[in-house]
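Structure first, commentary second.
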């Protein structure tokens, strides 16, 4: 049985929208440097869970967040915490690739520039490094100054990956990162995530069970806002303990 | 329950050190100066302050304008002013009121809005119900409206004057109505079009599949659905029409009497204000402020009514 | 499709049906006989409405043509260059140099835009990126109200507040001004232009998706950096269009500016000088224009120039907006 060190600890997380409880008493430990996959039927709070990790939930829209989320020992919802600092620790890969309205180079260089890295040669080195890491360098190396919007969707998603990595997070969050991509690009992005797990903690939300089975080290099954079951991948997939998990795995509920 | 902190003795999560696995992380950003972070924060705070100031300025102007006009104007406003027409020597400081202008404005803007409505509604319905989704005609019409929307009211006035002379009409209520209708047309159409465009195809398809003709669908379904929006468009246009001076300057003339026929000249509130302000007599200028207060309150009232009407008539609309 | 022209087989079918109906027992609620009437109504209405839709298109041309027709008289006598660039305006002596008015219009418009653009954009960014929903909902009607206030009301307020303010400011700077000046006109005009730029900018900002903002936020940018580097950047075409629309509005505004700008036909040399923009020229002199030869023609030429400039701005802005929508980013 694998033993996991934990990187993120969620304690008693409740997210409410008015009187509706989106996430109920979530208590979870996300293992360090493994791929954790959050599965569950759509609309059950998976995206909300992910967004609560990097504090993208907007309190002004009437959402109330209670509970603690500890990353590297600090509560990211603590009163003295600087939000932008927290967010940088987590890279986000959205479902639909969100390229910034600038060149490929500027996209990847966005985070380093903001965080103080201005020297041109270092920037160029950084951009190349992370583009290679995302598996995109060969395809774009001679058109770094062209607008990122001209890339194909699969390339854009890899660009987003490179861009997110350039912010030097410790954790990568993926919100259905391949569902908008064609099968080839999907496989590519999946492979990248697997390669990266030796350096980064990866948390991916997906509704594609087969993808989950392919890449997961740790599985969390979220149903109707509650954590129904969680554990190492083979355990949850092959010997699920909860009947609801079983129902989901066999396709009865989706 | 199985231990969640397998491998650790206590429940406290371990403090993190980024492993220096070669090749993956560059770890350059951690070494930047803390001063940089402070610079970013200062920049954001500075701009936030500027932005707040700007909003305050904009909102403040509105409050200031309305407050000044009302504060200066209401004391000078006597009830008799509203209900009497100017008697002899009004502009020299003697008795009378602005009833001529109030009624003249109402007649003129009312007539113009009606005329504009008779033209706008069919056109907007045509381009939304009768033409296809990517119709050339609709694009051309919308473009024309956009172009017309930007024409300054003084140009409408000049053109109205030319037209008037051309057909042998003298400065009159009718000439004013036609000119202001031209002014209101693009405003009303644009506002209406924005609402009517939003009617979902499914709704009109449902009507067609019940055997309705396009005419019937247009009037019985689309109009009913968009009634609040149409009403708002009409009121917006009315507000614009009643407040405009440049377009009636050449065309409606001015008179001390309440017009009793379309061919008589008509006084309008904006012009009344303008003329009263231009006299050397302070009492008359006071009356200008009062008239301005009347006009402003009228516009505010129209705005409120349109919002209330939208809420009331929205009950038929399908969300 | 339901609507199609009745053809021979239809008519035959209808005739057959009518005979049947006569022979058959009368059925209540049978819609068929009225169907033809409804179709006819539909076709007639369609033709009529189509006719109406030709009106707006024609209107622009008719206006341009009408103004040009009237302006012909003076164009035949004096070259366009002298009219536009001449500095003497003495209609009774046949001098129609409009440079002072063009300069006045330009001056007031530039002042107005310099004031209005930064303030409007900052306000729009605040409302779009920072303001909590309550403030945003409260601000919207206020901006609409500002847009709805009549020109004369702005003029009266300008006379009450801005003119004395400018006179006082002139003293501070060591010059004298009655207050009726380019600066006063510019300030009042700027306030009138706020709603235009804010409204269009807000629309453009709202077309930037939340996900894009989230993506930038998740890289550790603060909200201002997101606004500056993502939202404003993505919306740059729309912002240009908003400014151009504001410009066109400023150019054509008549009454408010007229009441505070001084109306002295000279090329303004400083902000505190009085000026005389083109729309004010038209408004002030309609009374005399029939009495002096060629005066009305000159004024119509002025109106034509105004119309052409404003049209050019408007069309340019629309095209920018359309192109921005099409390329959508990058």
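To keep things simple, chains are lettered A, B and C as they appear, and every chain counts its residues starting from 1.
Throughout what follows, a residue touches a chain if its C-beta (ideal position, glycine included) is under 8 Å from a C-beta of that chain, and two chains touch if they have at least 3 such contacts.
Note that the structure is a prediction, hence the values are computed from the model and not measured.
When chain centres are defined as mean Cα coordinates, A lies farthest from chain C. Top contact pair of chains, counted by C-beta pairs, is B-C. Between the Cα centres of chain A and chain C there is a gap of 47 Å. Spacing of chain B relative to chain C, judged by their CA centroids, is 12 angstrom. Here the CA centre of chain A is 45 Å from the CA centre of chain B. Multi-chain contact residues, meaning those touching two or more other chains, occur in chain C at positions 222, 225. Residue positions 40 of chain B each touch two or more of the other chains. The multi-chain contact residues of chain A, meaning those touching 2 or more other chains, are 88, 111, 114-115, 167. Put simply, chain C touches chain A in their complex at residues 132-133, 209, 211-212, 214-222, 225, 229-230, 233-234, 329-330. Against chain C, in their complex, chain A makes its touches with residues 51, 54, 56, 60-61, 83-85, 87-88, 90-92, 94, 96, 98, 100-102, 110-111, 114-115, 147-150, 160, 163-164, 167, 173. Of all the residues in chain C, the ones that touch chain B in their complex are 1-3, 38-39, 41-42, 45-46, 48-50, 52-53, 55-57, 59-60, 63, 66-67, 70, 118-120, 122-123, 125-127, 130-131, 139, 141-146, 148-157, 159-161, 191, 194, 198, 222-225, 245, 248-249, 251-255, 259, 279, 282-283, 286, 299-300, 303, 306-307, 310-311, 313-315, 318. Taken together, the chain B residues at the contact with chain A in this complex read 2, 4-8, 12-16, 18-19, 21, 24-30, 32-33, 36-37, 40. Those residues of chain B that touch chain C in the shared complex are 40-41, 43-44, 47-48, 50-55, 57-59, 61-62, 64-66, 68-69, 72, 119, 122-123, 125-127, 130, 137, 140-141, 143-155, 157-159, 161-163, 166, 182, 185-186, 189, 208, 211-216, 236, 239-240, 242-246, 249-250, 270, 273-274, 277, 288-289, 292, 295-296, 299-300, 303, 307.
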